[in-house]
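Below you'll find a set of structures to go through.
Common to both upcoming complexes is chain A, partnered first by chain B, then by chain C.
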Partner chain A sequence: MSSSIYVAGVGVISAIGNNAAENLASLAMEKAGIGDITLLDTIYREKLPVAEVKLSNDELAAITGLPSNISRTTLLSVAATQEALDDAAIPGFGTLRTGFVSGNSVGGMDKSEDFFVDFLADSNKGKLRNVFDHECGSMTEIVADKLGISDFMTTISTACSSSANAIFYAARLIKNDVLDVVIAGGTDALAKFTLNGFNTLMILDKEFCKPFDEHREGLNLGEGAGYVVLVSEKVKNTLSKQPYCTLSGYKNSNDAYHQTASSPEGTGSYLAMKGALQKSGLTPADIDYINLHGTGTPNNDSAECTAIKRVFHPHYPPMSSTKSYTGHTLGACGGIEAVFSVLAIKNKIIYPNLRFETRIEDMPFEPEKNFLTGQEINHVMSNSFGFGGNCTSLIFSAI
Partner chain B sequence: MLTEKYITGNCTISKGAVSKNGLTVFENNTPVNAFLLAVYQHLQLNYPKFYKMDNLSKLGWLAAELLLKDGFDKEAYQPEEVGVILANANSSLDDDLKYFDSIKNTASPSLFVYTLPNIVTGEICIRNHFKGEQAFFIQDTFDADFIAKQVNYLLNNNILQACICGWADVIDQEYKAVLFLVEKQKKETSVAFSAENMETIFKKDQV
Partner chain C sequence: MEIYIRSSACISPQKTFTNDDFLNHIVEYTGTRLKAIEPDYKQFIDPKQIRRMSHVIKMGVAAATECLNQANIDMPGAIITGTAFGCMEDTITFLTRVVEQHEELLPPTAFIQSTHNTVAAQIALLLKCHNYNNTFVHKGISFESALFDAMMLLNEQEADNILIGGIEEMVDTSFKVLTRLGLYKRWPVSNLSLLATASKGTIGGEGAAFFLLGTQSSTDNLAALTGLKTLYKPRSVKESITAFLGSYALTIGDIDLVITGKNGDLKNDEVYNMLNGSLFKNTSLANYKHLCGEYPTSSSFALWMAANIIKTGTVPEVVIERDINSSTPKKVLIYNHYQNKYHSLMLVSAI
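Up next is the complex of A and B:
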């Protein structure tokens, strides 16, 4: 048993930057990555804003050393995991019991969509290579091979809480002495499948999203990947630099209310936050910043608000949704926001909730509007709530 | 690890007839939409979400309602001890096609959220607060051996203490649901849980 789980490295690629340093710079400059669609081939160009990673598949391939004809989901994952592993710089990595736990929700759908354009026109056409890696687990296998991880790998696909659950699961693998090091987080690329699906649900904002605002009208889809390198106490003692923080609490819970929507009472999110606090042995007053799930949809934000009120009233810590920068990256958001949470502790900063104007009616709190520096941040809660009411909260704590 | 298992109840909805434990409780020869509503009204149920469901969920949900009505002691189980294992041949195609039609005008969110076959298992679990294992399989025809193997594994290993299993399939005007309640305690009307007994009950509407 490892008593604590340490975060030894981070890696992130999103619409606001291709690595952690670039993401941090955009966060500080309050520069959102949302804009017109330029890479995804869709009828919604110039109609729906999205948060694209600013690199083409060719450019991602050049960075990662992989071919450009594989799924963008995989390319994004390799970019972020390589950064995380380099950052952690674990001595004797190859001699340790290593694992890769990765969440995603679209898998190789982008390539399957390419296949179907040709196949539907002529059933003798269509490159089968494009559907070969359709399945979510394919992403994880290709990346694990690339990273040289063969002891353990698995894929978690629980919609928007996928990568938070991956981190949660990785922590348990270390805690129970199954593995020494786990790279955990998630990845998702934009695809017609998700854009059209969310559009059908009528929860996409045609303007830039306004999380936690009374006049919010929906989310903007994003893409990216975010990973943390979790290590055991034993491995932590061999590191040449101090780890960032610990992962001190985690909890998953389920609403069991509706296929997509959260329950109005925010039951799942309430239980997730409450359980994560309990796991970490902290009280609500100990939390110094909440990185909200905050998608910008009327339903999520009101349920999350209600749940936060139930947990934190009357002492509300600063909170913000960084989806106002990155868009909602679905299976990647828990990983990306875990990285942001870790960086908040390390750099003593709190991120603003961009474009916030009006407090949600009847709520006694509102998100942070300014980029704050020099903050004493000991404990950060990161929320990730998925379709089907699958809710996860993680807590990162300063060492 | 082998434990005794019994089919303590069964329910069939097929060809305009509803039966429980082999006895016909309702008949109504109308098209599928009207028929499912008539069953709902006949059972005097009050669950507004029913009206939002697609036909597959309505069919499976109604069968589960009747299956669990009178005789199922929900209090005897923890939520995690009851599971649902279902199968069908047409997945959610009945709703998928309706959704596909809706795209021509405005894609319908309410049809979209039912374009997965396992939503029916979710509806049954939400209604009854079941939180045990659940799975939904697609098969050409009802494969009693396969279902029995799944359920045996879950009950023998104490992963579940009770399980609803069976078949729920609808495509256009064709529909059939046959659900079995499997428990470890014997009841007056129960028969041993086996692929053969499920098969026999499943085929009853064909005579």
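Up next is the complex of A and C:
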């Protein structure tokens, strides 16, 4: 029960790159992936900016070896998991107890939307193929089949903390000696359903988002997938290269305040951060970088700010929201940002919070504005908070 | 460490909620869809909130509340739910408006309540419970994934008194789509003769079953949850079951009753029929899907049934397929599969 959980591989696809190297390059060049909608068929083209992955479904299909008519959510997931698994290069993978735990928010909604247009006109119409894989679990299943994983798989959907909770659950599967290796993270593709949903809540910024800025006006939706390969101590000893880091702390708490809004005190996020620190045996002063949830909505960022103040005052580590690059990728953000956290440790870097100008009133801290290199980074905290008050913090630690 | 089922509450197409007799007054339906019998929600939920809640949220919140009442627990150590389809009603409402109103002038309520974690979130909100909260959405093992999470949390001593439930709602749209996908029979059947009419398709169902799991022994506990295993496309179910029992130093001879997931569909029931003639040959058998219908988290109904069979020491007549030695069962094995892909085994023992 007490052995460490190691991160042996990472894989990511987002609006700023189709793999980890491309994402890192964009992060270093301070190049955001946000722009006009080009893929979704929606009335909000040229009205609402989003962060699209720069590959069509046909291109994703070519890369992944899957048909192009399946959900984009699945295609993104396969691209990132394949990279993560290749990166981990685990000897004797097929002989180990392996699992896949993935988060997403709306499953195959991109395809269900197509089905629904015809179905609403006539309930005997609509291509069944487009609705067959509607369930969130279908995404995970297709990917697990593709990766050859059958010992264990499951799917978590806690809105925007889905993939952070997937990583959390995966670590515990190893701690409880159920599995040796788990690929964990999450995936989400842009869909009209979510774009319209967030738009009705009036929390989408019509310009590029400005997380943690006093004048922030909302979030930009994004899409992508991010996964880490977690391994046990035993498997870690067989690896031909050093693992990136450990997953040293995690905590899941509920804000229990409102279905969509965060409490002014940031109770859920406060408890998640505090609990993760406790789990890892660290103090706030030990954290060298916080990858914020930082969506850019007035409500999230003010609650997260307050919670950070409660946990960290007066030792504020550098912090930033990489959603200023990738947009808010919902069920994928915990996975993508876990990868960025791991890469921060490995490359001794801290990412800037793009477009930050004005510190939030009354806050004694502000996010990092510059890309920093040569940093001694031992512990990184990654925050993911979602609808339904589902708050999760993860801590990654250098070995 | 023993894990106990301290209490349980189940809303289903049968009178399983808030009445004392255990499956004595069975409801017969003719058709291919069983709808949950809805309780008087006002006893469990603030009437102002009831109006805003969809079917699955009401079922989930009421069953969770009653489960806590039964155990006399105010604040659970964790809240975990499993649901394959999540909040279907709100999802379809919002999606319909997106299409029909061409993305314009949409009200947000249905979207807000459409996320799969809404039920677990609403329970937390109602209780002001800041503890661990999670939702699993993996097809036919959504409930089992949630249950496994609860068992790990107890094993890690991270939480006690864990509230865990399996929930699923069937709405007209999902029933229509699943019918077109060929899941259900093409003509109306009586649910009570479902398992005797071997043909293609089953009947759809829905429900919410919640459990309070803890590690403290008490004579009030319903049963012990001894083991859980999920299997994906197993090569040999027979070998998997034998190995599962073996991991608890048991053989099939130690099992007093097997509850299987027969649903009346020829292909679905093949594996049960095979086992009933081989591994389970000398074991008492029971079924449950003629009572609650088929849905991805129906195994939560089976667990509710197993816990009550053990607590009451009786096997209701309506569920018995073969009675060899099932009076006062001490060890019950639940074996269910969903569409031949996801199989699960749950071992429930007398305390």
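Basically, the second predicted complex is superposed on the first by the 394 of 399 C-alpha atoms of A that agree within 3 Å, B and C clash if a C-alpha of one lies under 4 Å from a C-alpha of the other, contacts with A are read in each partner's own complex, and residues count from 1 in each chain.
The definition used in the following text is that a residue touches a chain if its C-beta (ideal position, glycine included) is under 8 Å from a C-beta of that chain, and two chains touch if they have at least 3 such contacts.
Keep in mind that this is a model prediction, so the values were computed, not measured.
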item: Fit or clash between chain C and chain B when superposed on chain A; value: clash
item: First, second, both or neither for A:271, with chain B first and chain C second; value: second
item: Which superposed partner A:320 touches (first chain B, second chain C, both, neither); value: neither
item: First (chain B), second (chain C), both or neither touched by A:175; value: second
item: Which superposed partner A:120 touches (first chain B, second chain C, both, neither); value: second
item: Partner chain in contact with A:74 - chain B first, chain C second, else both or neither; value: neither
item: When both partners are placed on the shared chain, which of chain B and chain C touches more of chain A; value: C
item: Touching partner for A:135 - first (chain B), second (chain C), both, neither; value: second
item: Chain C region in steric overlap with chain B, selected from 4-12, 22-30, 292-300 or 328-336; value: 4-12
item: Chain B and chain C contact sites that coincide on chain A, given as residue numbers; value: 196-197, 199-201, 254, 256-260, 388
item: Touching residues (chain side chain C, partner chain A) in the complex; value: 79, 84-86, 91, 94-96, 98-100, 102-104, 106-108, 111-118, 120-122, 124-125, 127-139, 141-142, 145, 149, 152, 155-156, 173, 176-177, 180-181, 230, 232-233, 341
item: Contact set on chain B toward chain A in their complex; value: 107-109, 112-114, 116, 119, 122, 125-126, 129, 131
item: Chain B-facing residues of chain A, complex; value: 196-197, 199-202, 254, 256-260, 388
item: Complex contact set, residues of chain A against chain C; value: 1, 42-44, 105, 107, 112-113, 116-117, 119-120, 123-124, 128, 131-132, 135-138, 140-141, 144, 150-159, 165, 169, 172-173, 175-176, 178, 192-193, 196-197, 199-201, 252-260, 267-268, 271, 386-390
